[in-house]
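Chain nomenclature is as follows: A, B and C, assigned in order of appearance, with residue numbering initiated at 1 for each chain independently.
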Amino acid sequence: MTPLQTALFVLIAPLGSAAVITLFLGRRPALASAVSVITAALVAAGGFWLALGGARFAESAEWLRFGTFSVELGFKFDDLAALMLCVVGVIGLCVHVFSLGYMHDDSAKSRYFGGLSIFMFSMIGIVLADNLFMMFIFWELVGFSSYFLINHWNARKSAADAAKKAFIVNRVGDFGFLLGIILCYWTNGTVNLSAFGESHAAAHVVYSRLIPLLLFCGAVGKSAQLPLQVWLPDAMEGPTPVSALIHAATMVAAGIYMLCRINVLMVPPAMGVIAWVGTLTALYAALCAVTQRDIKKVLAYSTVSQLGYMVAAFGLGSVGAAMFHLTTHAFFKALLFLGSGSVIVACHHEQDIFRMGGLRGRMPLTFWTFTVAVAAIAGVPFLAGFFSKDAILTLAFENNPAVFAVLALTAILTAFYMLRLWKIVFLGAARSEAAEHAHEGGISLTAPLVLLAALSAIGGYRGLYPRSFDGVLSTVPEASGSTFAVVLATSLVVLLAGAGTALAFYSTDGTDALDQRSPSVFGFLSSLRASFDVAYDYYVAKVQQRVAMVLNFLDIVVLAGAVVRGLAGVAEIAGFGVRSLHTGRLSNYVYWFLGGVVILWAFAAGVL
Amino acid sequence: MEQFAFTTLSVFTLVCALGVVLSKNAVNGAMCLLLCLAGIAGLFVQLHAYLLAFILILVYAGAVVALFLFIVMLLDMQGGQPWRPRGAGIVAGIIAAALLITGLDLLAVRGRLADTAPLGHSVGSSLKLYSYELFTTYLLPVQVMGFLLLIAMLGVIVLSRRMAEPEDPR
Amino acid sequence: MTPHLEAYLMLSAALFAVGFLGVLVRRNTLVIYMCLELMLVAATLALVAFSRFNGTEDGDVFVFFILTVAAAEVAVGLAIIVALFRARQTVQVDQLNSLKH
């Protein structure tokens, strides 16, 4: 098979799987799950074959044409796409396998696996897209898949609300994205990613800054940056494998990926804005994570924070650093989520960390893999997170010391809340009945954990990556000399400070130490977390609702009342008028006849 | 002489026509119609259409009005109701009259008929001439009339059959 | 002095108007019918006058047709009136209004 055919297969196979599951396998969950997992395996294999085989191509076909405007569908497979496709393939496969065990007793397994397949199709579409219109189409499809999967347990109102919130908030970001695409087409005449390099001649100063910022809006929505980060913690209502796949490793990373794709359009002022948005998001989310009780919510805020790191890295000018952190983050965050899934299932779907504990002895494999992941995200040397985070800190140190300071502070907080989580969940004594009887899951739950732990451990060594990804990974900043020393020292200090404080501060007796010791700080952090939701609620309830009511009034009175019923009334009156001519009396008819004669005479005499 | 005859005949005809319209009794009205037709026949004679005058009397006065009288007497109405002029009727009448007068006035003023002098010879009333026209130029209408009469006959037969049982009309 | 054509036409128009007036104001169906015949006769008068003053016989021939039609029409119309009388026991037009909406 030619590379193009392989790429086409990799894209269409999940769609085919979803179609087969939806149409035929609705009542056969076991077969549906098998189809989906096998498709995921084939996609991963295909992706690796394409990436490592060194095939790089860009093909497109025209799809729609309106006069001079045409929408094309095509693939652009360069190193960046290859790296992303491998990440998506690996994480996708791990999550599919994990889902076999996690969703084993679920009542709507077929629907779930159909949703996973649709998601894979949409995500691969984003990865392979060669123009912004096509990317937008799959962008929306990914949003739909996310909505579908968050809402999997749709009997729960909280799940339905969370799915709606995710979709609507994404829509807000997508509005900016679409405006950016249109503006880009209008100024550049094309939205083809390869064509930008040649025709990036947006002479207009305002447009050259506006286009990247508008396109960044899409990333703000999809990658949950400030101020649109409110949907991601709520999206934890979905099953844990979904959170691992979509809301940790792949979909939310699509925003970063898109930014890297449109790198040629960036101008320094826009990038400054992007860098600060990312930095502030990272700090804000880290602060929010400190007070969470739900294991998945901690990880969700952690994801937002790390995405902020990636956006900041991109804003500081390095596609390589952003993608490198994206890759390592995908590994350890997926591992964290899957590990938490293992813990949740073992504790009978308990998600409050203060009701866990003592799982170190009872679930050793989960414990050790989770530890690897926590160490990676905290920045323990020699693991994946250390290298990628250091690359970002190096970049910040060289370009923007203020950003460096904030990112370093965020790193302290990252280590702090991750170690807090680790200690409370795994160490100490079991704090509930369920935790007492926890035991390790089956092979489908543990095999992905092991694989991801291995990747988290070795994923930092860029030398180990195949040559194929050099186009991206060679641009990762390497520190040298004094910068190297400063950054290394900073990261070690950060790690020790954060981790040490957390381990010392928090106890395993089932209460939140921060809440106990300084309720004011705890209260402040909680209200900080809730502030965005409160603000949006206010806006929706007071502003938007009122506008909606005005429009409703207009609809009822003007459109339905005056226009529709008015027209009907006019017809009715006309009918009534005509009907009243039928008196049944001959003389009346003859009078009308006379009237007709008068008119005819008037015509004939030239009067009329 | 001719003018005198014309005036007399026309006045007579008009008075009888008014009699048809205004008489309370339907039989009186039929009688007035008869006289009116006689007047018209006289006018036809004055227009040198002797055959037509005769046919008019024969067909119209002899058959049609007789039929009218038959039916009036068959239906045996107990006198007519007095005719009360009603508002709409008066208005309609005035309108009709006004139309008529203005129409004719326009005709007289703007039409070319004022210049038409009566022709010297008259076509005459030979049956031969009429039948020649009927069977050459006007053959199609003659055939159509044949059909019309056939249909009328059939229609009358159908209509005059007594229905199975006259149900209550209300 | 022979009367001019307009005289005949005015007479014909007057007869027609009288007939039309009768149709409008009378309530007895039979009298309405008679006035209808009056209108037809007025038309025949106009036709004959025209044919005389134009020197052709077309108008006269047309009168034949009018007479035929009038005869057929009277036959059928009176049959209808009789049938109506049998059904409704009245021939007053203002009582024959069951086609009222």
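Rule of thumb we're sticking to: contacts are C-beta pairs under 8 Å (C-beta built on N, C-alpha and C of every residue); 3 or more make two chains touch, one makes a residue touch a chain.
Since this is a predicted model, take the numbers as computed values, not measurements.
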| item | value |
| --- | --- |
| For subunit A and subunit C, chains touching each | B |
| Between B-C and A-B, the pair with more C-beta contacts | B-C |
| Cα-centroid distance, subunit A relative to subunit C, in whole angstrom | 91 |
| Distance between chain centroids, defined by C-alpha means - subunit A, subunit B (Å) | 95 |
| Distance between the centres, which are taken as Cα means, of subunit C and subunit B, whole angstrom | 5 |
| Residues within subunit B bordering two or more other chains | 89, 92, 96, 103 |
| Residues of subunit C touching at least two other chains | 20, 24-25, 27, 98 |
| Multi-chain contact residues (two or more partners), subunit A | 587, 591, 594 |
| Residues of subunit A touching subunit C in the complex | 579-580, 582-587, 590-591, 594 |
| Contact set on subunit A toward subunit B in their complex | 587, 591, 594, 597-598, 601, 605 |
| Subunit B-facing residues of subunit C, complex | 1-11, 13-22, 24-28, 30-31, 33-35, 37-38, 41, 44-45, 48-49, 51-58, 60-61, 63-65, 67-76, 78-83, 85-88, 91-92, 98 |
| Footprint of subunit C on subunit B - complex, ascending | 2-3, 6, 10, 13-14, 17-18, 20-21, 23, 26, 29-30, 33, 36-37, 40, 43-44, 47-49, 51-52, 55-56, 59-60, 63-64, 67-68, 71-72, 74-75, 77, 80-81, 83, 85-86, 89, 92-93, 96-97, 100, 103-104, 107-108, 113-114, 116, 118-119, 121-123, 125, 129-130, 133-134, 137-138, 141, 145, 148-149, 151-153, 155-156, 159-160, 162-163, 166, 169 |
| Partner subunit A, residues of subunit C touching it in the complex | 20, 23-25, 27, 29, 32, 93-94, 96-101 |
